[in-house]
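Naming follows writing order (A, B and C), and every chain is counted from residue 1.
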Amino acid sequence: MNDLLTGVETAFNLILAADPEVLTITLTTLRITFTSVLIGTLISIPLGAAITFREFWGKKTLISIIQTLYALPTVIVGLLCYMILSRSGPLGDLKWLFTPNGMIFGQTILIIPIMAGLTIAALQAIDPIITDTIRSLGATRFQFLKSHLREARFAIMAAIIVGFSRAISEVGTAIMIGGNIKGHTRVLTTAISLQTSMGNFNLSLALGIILLAIALIINLIMGFVQNR
Amino acid sequence: MIEIQDIVKDFDGNMVLTGVTETIQRGEIFAIIGPSGQGKTTLLRILGLLLKQTSGRILFEGKPISQISDSDPIRRRFGMVFQSPVAFKDSVYHNIALGLRYRGFSKEVIREKVLQKLDEIGLTGYENRKATTLSGGEKQRVSLARVMVTGPDVLILDEPTANLDPVSTEVIEDLIRHYNKKLGTTVILSTHDLMQGQRLADRVAVMMNGRFIQSGPIFDVFTRPCSEDVAKFIGISNVLSGKIIRKEEGMSVILVDGIEIHAIAEEAVGTRVKIAIRPEEITLHTGPDRWSSARNILFGVVEAVRPFGIISLISVKTGDLILSVQVTWQSIKELDLKPGVQVTLSFKAPSVHIMPDENSHAC
Amino acid sequence: MIGRLSIGVIALVLGAILLCGVVSAEKVDTLGEHSADRLLIATTTSLDATGLLDLLEEKFKEDTGVTAEHVAKGTGISLQIARDCNADIVMVHDRVAEDAFIDEGFGADRRVFGYNYFLLVGPENDPAKVTGLNGTAAFMAIEKATAEDPSVVFVSRGDNSGTHSREKLLWKWGGYDYADINSSEWYREAGLGMGETLTMTEELQGYTLSDSASWGTYESNLSLVPLVENDEKFLNVYAVMRVSDEKCPDVNTDAAKKWINFMISDEVQDILSTYGVEKNGVPYFSPGRGSAEVMGVTDEETKDPVV
């Protein structure tokens, strides 16, 4: 209990003092997570929509596979991305291993299944009569898609929040691909993991509180938008 | 003009439509009536271009339309309202404006048209309300406005008032009539409510087993059902089997379960026929008086009294026959009608409607 | 209208955060990839946990203008990362693994820059009575004690790190088959880094082998005590080598050579002789300069600059 209180106290001191290292870590985290979520969203929503509205052989299997990938361990994603981004790997020429770009790559891959899967679920949850109405009003393909996404926007926003939460809280990919390089690829989770392994539990807890505070702010903003 | 030519729909071996043929005139209100599960919705979805038929053709202004793609401009000349009211998770304004936005109208035009429709459906001032918070009747008015604001040539309504209260039903019916009269919109609607069919339609088709077994002007279908099923569906409870045994004074005498009934029929002596007598066309008396100008006078005993609001149906057993007779509440009281009371039934020969003996054929 | 507003709000927030992320990352963005002025070091954790590498990288940047960065993993993973051509330099402490790495053609220009001793740490009451024994004897004493006292446990890193390799060697020197040891009830394989392994040993009140640099950093959080120190069998030699440009043509060989020479330079050797005194009481590492004999390596390996 004492440790917990000290942790909270340390967190506030770090935030109030705007500790430069903590600030760098936090900003790196935000930059990597937001970029991943942005790219993830740009890929997952069209992908989810395409899977929902197109009929093709193996569609149900594909959806099952996507749902199975929700459980993809982050370390496995990290390992796969390591192999892909490694100099000897297919994308080795990008030289992204142990860089923020590599982490964005890994986290994007990590969150695409859950974001696409939840987008599919959101679109499938739309009453078929809404689809009938949109079609019978003479929507073009693009208008059809736009109206469906709009109708499912709250559930899709939830999908984005889930993607964001998975990206910001995962450590396996970040440490495997980022390498936890100080000032460069060190993010909140890898810093927490390092501090914990060094026995600095207070600092770990403090960083955890900062991470949760970010998540809280994002959720409040999304909640505000949803209530409009 | 819409020509429906032998439409068949087969859902994986389940024949929902078995060959529908009909021509619907521009500007008319055409009602499809029939019990639930007979293919009304499927036919309307095909007409509304939401579903493709297995075979057959639909011509709109002489051009086949039913295999067109989603982006064909013809689609935008059809509007469809469904049994359940449809409300998008948006403002009422957005809900009504949707079709106009698809058509690329300018903001100003959309505003003008939407506000006008809000006025017509009596929801002025509701534009910023969330549509999902409206009542069922209000949502259905919005659904109708959403379609009508696009000015369709053909309005298709699938049981538009099935889920609504009587007041909302009346509002929707008034709006349908209004748009039909004012804009000349061709209306095709389905209903299982006979009264609604009678109130709204110019012509009606009875759908059973996946096809129209009878269609025509509303009066014809309701007074001259062409088969036992149609007769029963439109509320004629007295459908009897008999045989013409002789001609007498220009009329046919039909023997039904040992009782002779006079009717006007052209069929030859010896033909087996079905006869239908509307319960409201039979007069009921008590006492020994045999005064009546009717050709058919039968004696019987009251079997049961079934109240239906201010009108009641009384079952009377006469010989082996049981006939339903329509009587007012007033009369039940005055005549003290209850099971066991002896009564006299009378009805005129023209009230006896003759139908072919074999059922389930289109006529 | 509602939708447009919410999209606007989201865009604004996303934009603002991205912007501040980009601004903050400006200074590190220049090292977004391997290049002439970026050197990536795969290192064992002890060099990182003490903060030594952060300090040295700063000095190196001042001296040469080259930005050096490190990823701290166990010796095993560090060598694997190097084999995959993902690092320019490896800094590890496992002579056997290093030799294999060099024999395979991946490693080149090995220099030894410092050493310290592993420690056998355990509970203060020392149920296995290892105090005063030499390294090999202490390990044998633990094994024997487990037969009578079930409270005696040994916690192993179990992660193919340099420390783990040495521990395996110690069992071998004691005459055991490691497979037998590894399958014993009292032998707990943590599969974790040094810090976690020490924490686990603390909880179990067991014994474990630790490098002295890590011990120095974690010691203050623990009740365990060092029981066997400075034993010759516990000698822990740190080496630096570059990843061969014959196996990995893309490596930054020029900067790598500079780094190796930097590590054996008087500047770094002087730093090593005092680094950690302030925090730890004694230095974390002893400089390699002049200690070739103690470390059992050739003199050239400690001082000859690579060319």
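The working rule: a residue touches a chain if its C-beta (ideal position, glycine included) is under 8 Å from a C-beta of that chain, and two chains touch if they have at least 3 such contacts.
Here is each chain with its UniProt name: A = ABC transporter permease; B = Molybdate/tungstate import ATP-binding protein WtpC; C = Tungsten ABC transporter substrate-binding protein.
Keep in mind the model is a prediction, meaning the values are calculated, not measured.
Note: the chain lying farthest from chain A (ABC transporter permease) is B, by mean C-alpha position. Ranked by C-beta contact pairs, the top interface belongs to chains A-C. Look at where the CA atoms of chain A (ABC transporter permease) average out and do the same for chain C: the two points lie 32 Å apart.
Chain A (ABC transporter permease) and chain B have Cα centroids separated by 56 Å.
Per-chain CA centroids place chain B at a distance of 86 Å from chain C.
For chain A (ABC transporter permease), the set of residues touching two or more other chains reads 150, 153. Residue positions of chain B touching 2 or more other chains, listed in rising order: 90. Taken residue by residue, chain C touches two or more other chains at 2-3, whereas all remaining positions touch fewer.
Residues of chain C touching chain A (ABC transporter permease) in their complex: 2-3, 5-6, 9-10, 13-14, 17-18, 20-22, 24-25, 28, 31-34, 40, 49, 54, 69-72, 84-86, 192-196, 198-199, 217-218, 221-222, 248, 250.
On the side of chain B, the complex with chain A (ABC transporter permease) involves touching residues 45, 48-50, 70-71, 73, 75-76, 78-80, 82, 84, 86, 88-90, 98-99, 101-103, 143, 146-147, 150.
If you check the complex, the residues on chain A (ABC transporter permease) that touch chain C are 23-24, 27-28, 30-32, 34-35, 38, 82, 86-89, 92, 94-101, 150, 153, 179-184, 196-199, 221, 224-226, 228.
Taken in their complex, chain A (ABC transporter permease) has these residues touching chain B: 127, 129-130, 132-141, 143-144, 147, 150-151, 153-154.
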